[in-house]
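Worksheet for the structure shown next.
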Amino acid sequence: MQDSGINILFEGQNLQRILEGLGQTVFVAIISVVLSFILGLLVGMLMTSRNIVVRFVTRLYLEVVRIVPVLVMLYILYFGLTRWTGIHIDNRVIAIFVFTFWGTAEMADIVRASVTSIPKIQWESGQALGLTAGQLYVYVIIPQTVRRIVPPAINLATRMVKTTALLPLIGIIEVIKVGQQVIEVSVKDYPSASFWIYGLIFFLYFIVCYPLSKLSKKLELKWQE
Amino acid sequence: ACGAGATNDSSEGSVANIEDKTTVDTIKENDVIRIGVFGDKPPFSYVDANGDNQGFDVEISKKIAEDLLGDSSKIEWVITEAANRVEYLETGKVDLMMANFTVTPERAEVVDFANPYMKVSIGIVSPEGDVITDVSQLEGKQLIVNKGTTAEAYFRENYPDIELLVYEQNTETFQALLDGRGAALAHDNTLIFGWIKDNPGFVAGVEAIGNEDTIAPAVAKGDTALSEWVNAEIDTLNESGFIAEAYEKTLAPAFSSDIDPASVLINQ
Amino acid sequence: MDLDFIRKAIPMYQEAAFLVLRLGWIGIIFAFIIGLIVSIVRYYKLPVLSQFFEGYIELSRNTPLMIQLFFLYFGLPQVGIHLSAEVCGILGLTFLGGSYFAEAIRGGLESVPNIQMESASGLGLSNTQTFLYVIFPQAIANSFPSIGANIIFLLKETSVFSAIALADLVFVAKDIMGLYYKTNEALFLMVTTYLVFLLPISLLIHFIERRLRFAGFGN
Amino acid sequence: MARVRRGEETLESPILKLKHVNKYYGETQALADIQLDVAKGEVVTIIGQSGCGKSTALRCINGLEQIQSGSILLDGKEIAAAGTSWKEVRQKIGMVFQKYDLFPHMTVLDNVLLAPLKVQKRKKEEAAEEAIALLKRVGLEDKAHSFPRQLSGGQQQRVAIVRALMTHPEIMLFDEVTAALDPEMIREVLNVILDLAKDGMTMLIVTHEMAFAEAVSDKIVFMEKGNIVEISEDPKAFFTQPQSQRANEFINTFRFQ
Amino acid sequence: MARVRRGEETLESPILKLKHVNKYYGETQALADIQLDVAKGEVVTIIGQSGCGKSTALRCINGLEQIQSGSILLDGKEIAAAGTSWKEVRQKIGMVFQKYDLFPHMTVLDNVLLAPLKVQKRKKEEAAEEAIALLKRVGLEDKAHSFPRQLSGGQQQRVAIVRALMTHPEIMLFDEVTAALDPEMIREVLNVILDLAKDGMTMLIVTHEMAFAEAVSDKIVFMEKGNIVEISEDPKAFFTQPQSQRANEFINTFRFQ
C-alpha cells in the first residue's frame, strides 16, 4: 500500500502545487527575514541607546511581540484593519508586515546583545581617531557584531520559515495547507497519502532550513579563528 | 433562462438605489464575484489534483457566477477555514460564502443566510464490535468530531458532558477512528455513509440525530440586494433540477448507493 | 465585546492554559534532560554518539513541530505504535526542545575558560567532580538567558498541539470563533491568557538571570 | 632624551594646558584641581597607584570624559567647553590604549588608514604610502595585510601607535600601552616610543614601567587620589629620592630589599 | 632568603627531580632534555623569553601535559609514567596560575574548601578552621564570603594561593601569578610568596619580575627554546653578570640605557 502511495506525488499537478505552496512559504519568509534583519539592525542600535525612554519603548515592543502570538497579530491586522478602516490590503503584504514586526523585535534583541558585548575600548579607540557616531557604527561596531549575530539570526530565520504554517488563516495557501488539500482528495485512492505528503513536506522544510543552519555553522567556524 | 431572469430582478433593484451602490452592482462592475469555499472538504468543496476547485458547493457557485456575470469562470475563489468564514464576510473580503455553511441561530446573528440548498443530519459511526446505537452510550467515552462542523457544535451545545476529540482535518478525524482513538465518530451523516462504504468493519449505529440542519449560502449582514438575488437563484436552481444534477455529479459517487437524495437535497 | 460571553468562556481558556502548562512543563523538563545529554556528548566530542546527535539537532531544528507531531500521532499507529495525544505532545516538544536546549547549554559549556578545568584538576578533582562542581554550574549560569528564551519559545510552540486534537489556547480560540463567531472575545481572551501565564514566567526568568549575574557569574 | 630640546622651547606657550580641572564620577572625585602644562616636544609621564586618576586625566584631555570644572587648552584654545568640535581636536591628539584596541575585523593597513580616509578624507594612495613608511619605521611593513589576531601583543601595540600617528597629531597620549605584554614585547613597544621622543614628539605617558619612565621623561607627574602630589623636572632625582613621602612609598613598591 | 636553609639540606635527596625530560607539541619541541633538581625548602625561579617552555615545564610536573620521554620524580617516585595516580600526586603539588582561575560561582571560602572536602574528604569544621586561619595570614579573613569578582586581582591571587595551600602540598608551583596585576597588587601577592619562602616552603616559580626573582630565589634557571641555558645558584651574580650571552641579552631587556 505504501509502495504505491508515492505515486500520489505525481498525480495531476500535485507536486507542482506543493512546490507552489512552498513558494508562498519561502516568498513570505524571505522578504520578512530580509526586512527584519535590516530593521532589526536599526532598532537593535536604538536598544543600546543611553536614552531611558528609547530603551523603555523598544523593550516594551520586544516584550509585546514575545507575548502576543503571531496568529493573533495576523488576525487582528488582516481582519481588524479592514473592519476599523475599511482598507483592504493583500494578505501577503499583511503576512510580511506581521512577520517583519515580529522578526524585527527578535533581531533587534540579538543585535543589542551583540553590540553590548563589543568591548568598550573599541568604541573609545574609534572615537579617539575622530570617527563620528555613524562612522563608528558602520566601520567599527557593526562589522564586529556580525559574527555574533549570524548564528542566532539564522536560528530566527528558520523559525520564521516554520511559522508560515499559520498563514492559511488569512487565506495564504502555503505548503502544509496544499498538502492537506491533496491528502483530503486522494486519501480514498491512496490510504497512505498523509504519510507521503507529510513526509515530502517534512523533507521540503528541511531542505529550505538546513542550508541556512549549515551556512551559519560554516561562518561560525570561519570566524572562530 | 430562469437564472437570467433573476439577474434582471437585481439590476432593477440597483437602478432604484442608484445613490448607494449595492454589492450586486459592484460585483457586476468588477465583473468577478469573490466566493469563499473550503479547499479540503471533499466532496463538498475541495481542490483537486490539478489545483481546480471542485465539489458540490463549487458546482453551485459556478452556476451562480454564470447566471450573475454570464461566465462561470468569473469567480475569485477564496479558500477559507471554519474559524474565519464570518470574518471574511464581515470585512467584505468575500461577497458570498459557499463553504458548506450550516445555518445556526448564532451565525444568523452575524451573517445573512440565503435559502438553503442542502440538508444535513448528524450521524454516528462506530466499530462493528462495539456499536454505539444511542447517544447515551457515549457517556464517559470519547467522541471524535471534525473542528467547526455541525457535529461539534451540536455536541458542545447539547451534550457538554461527552468528551470530544476534535481534529482539524477531515482525514485526520476519520484516521483517528481507524486508530481507535475514540469510541465513535460524529459527522454529517452523508459523509459517514460514504465512508463506511469504503471501510468495512464500521457501521452507522446512529443514522440521524438532533435537528435536521440546512446548509445555505451566506452574505454579509444587511446585504439584502445580494441575499435576495441569491434566494431567487437558489429557488430557481432547486426547481430547474440543477442542484439535483450537481448532486449526481459530485455527491452521489462519494455516498453509498442506499442514500436517498431526498435526505440531502431541499424540495425533492 | 460581550462580557457575558467572556465570563462563560473563561473556564475553557483556563483548562487550555492548564493543559499547556502541564504538557509544556513536562516536555520542557524532558527536553532539558535531552539537551543536557546531547550537549555534554557534543562538548566532550564523544565519537559516533556526537555525530548521531548532530544529525538529530539538524533534523529537529529544521522541521516544524506540527509535522513532527503528525508523524508521532498519525504515522506511528501505521507501524503499530499507539500513543495518546498528550504523550505525542510531550514527545514532540521534547524532540524539538532537546535540540534548542542542547545548543544553548553547549554554548554555556564552551564559554567556561580552560583555566577553570586546569585549576580544578590541579587541585586533584576527578573529571566528574570537575564537571559537577566547576564546569556545569558556570555553564548553566552562562547559558541561562538562552535557556530562558527557549522555555518561553517552547511554551508558545504548544499552540500547534491542536493539530493532534489537544485543546490548547489557539484551539479554544479557533473553536469559539468557528462555532459562535465571537472573534474579538476569543482573541482577547487568548492574548490575556498568554499574558497571564507567560508574563510571570518571563519575569521569573529575568529575575533568575539577574541573580545569577549578581552572584558573580560571567564577571 | 628630549630634555635637551625642552630648554629651547620654554619660552613658547605650552601646547597643552590643564587649569583647575575637576572631574567627578558620581560622588568620587577622580581629578582634583589638576594643573599641568605640556610644552611642545616635551615628554611628560604620569605615575601613581591604581585608581589615582591617571587614565581619567588622559580621557578628559581627549574628550572621552566630560570635566565638571576648570579648563583644558590645546594650542591656547579651550577644548573642554560645550561646542568643542571633537572631530578636529582628536585629529590633533593621538591616543593609544592598553592592548586589544585595534579593530579585529580589519587588516593592519585598513586599521591605520581608517581615520585618514574616513575622517580626514585624504587620498588613498598618498595615505597608504605614508602608512607603509610608518609601518616600516616600527618594523612591521610585512604585516600590512595581516589581521590583528595574527600579530603578537607587542606588534599590535606598535600598529596602534602608527594608527594614532597617521592623523599627524600634535600630541600623543599613551595609557599603559604595555600593561598586558610580555617583557620582550614591552621592550619593542617602548623602543618605538623612545624613538618618537628623540624625534621631538610631544607626549603624555601613563606607565608602570619605572625604568622606562626615568629614561624617557622630561617631567614626572606623581598623582594620588586625584591630586598631583609632586611634579619633578628631574626624573633621575625623583626616582632616587622623591620629595614627598607618598611618592617614596610608591617607588618602594618596585624594590625588593 | 631560604638560601640559608638550603645549605643544611643539600644532603637530602631532592623533593623534585626532572631527568632528560622531552616534551613536543606536534613538531615543536617545548622541552628539550630538561634536567632539574629542587631540594626541600628550596626556591627555584625559571626565567626566559615568552614561549621558551616555562609554563610547559610546570604543567608537565603537575600532569596537565604528558611528556614524551624522560622521567619526573616526586619524593623519589616516578610520576610521569602511565598509571600515576594524579589525584594523589596533585595533593602533594599546589599550583597557582595567572589571574582568573578562581571558580567564579563559589565564594572565597567555597573555593578554598572544594579540594579538602571533595578530594580529601576532610571534616568541614576542621578544614574551614584552617581556611580561615590561612585567609587571615594573607589578610583576607573578612572576604571569606565574598565572590571572586568582588575582589581585586591581587586579592584573587592571594585566595588562589590559599586554595593551593589547603591540600598541604610539599611543593608549590607559581606560573606568572602576577602577570595580570597592577604594581601594588603585584607587591601584595609577592609579599605572600616571600612569606612562604621564609617559612621554608619548597617552590618552583615562573615570573617576569626580575627584582623579585633576585630577592626570593635560591636558584635561577634560565631557559631558551625549551633548553635550560644556565642555572645559577647565586641570583645576585646572575642578574649583574650572567655567564651565557643569551641570558645577558635577556636581562638587558629590562634595562634602559
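To keep things simple, chains are lettered A, B, C, D and E as they appear, and every chain counts its residues starting from 1.
As a working rule, a residue touches a chain if its C-beta (ideal position, glycine included) is under 8 Å from a C-beta of that chain, and two chains touch if they have at least 3 such contacts.
The UniProt protein names, listed by chain, are D, E = Abc transporter.
All of these numbers come straight from a predicted model, not from anything done at the bench.
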Which chains, if any, touch subunit A and subunit E (Abc transporter) both?
C, D
Between B-C and A-B, more C-beta pairs in contact link A-B
Subunit B to subunit D (Abc transporter): how many Å between their CA centres?
83
Whole-Å distance, C-alpha centre of subunit A to that of subunit C, is 19
Here the gap between subunit A and subunit D (Abc transporter), centre to centre from mean Cα coordinates and rounded to Å, is 48
Quick check: what residues of subunit B touch more than one other chain, meaning two or more?
81, 83-84, 87, 172, 175
What positions in subunit C touch 2 or more of the other chains?
74, 183
I'd like to see which chains touch which, written out pair by pair.
A-B, A-C, A-D, B-C, C-E, D-E
Under the stated contact criterion, what part of subunit B meets subunit A in this complex?
39-42, 46-51, 78-81, 83-84, 87-88, 90-93, 169-172, 175, 198
Touching residues of subunit D (Abc transporter) toward subunit E (Abc transporter) in the complex: what are they?
49-50, 180, 182-187, 190, 194, 208, 211-212, 214-216, 253-257
Which residues of subunit E (Abc transporter) touch subunit C in their complex?
62-64, 86-88, 90-91, 93, 95, 97-98, 100-105, 114-115, 118-120, 147-150, 160, 163-164, 167
Subunit E (Abc transporter) contact footprint on subunit C (complex, rising order):
113, 115-116, 118-126, 129, 133-134, 137-138, 141, 215-219
Enumerate the contact residues on subunit C facing subunit B in the complex.
74, 77, 82, 85, 162-163, 165, 167, 171, 174-175, 177-181, 183
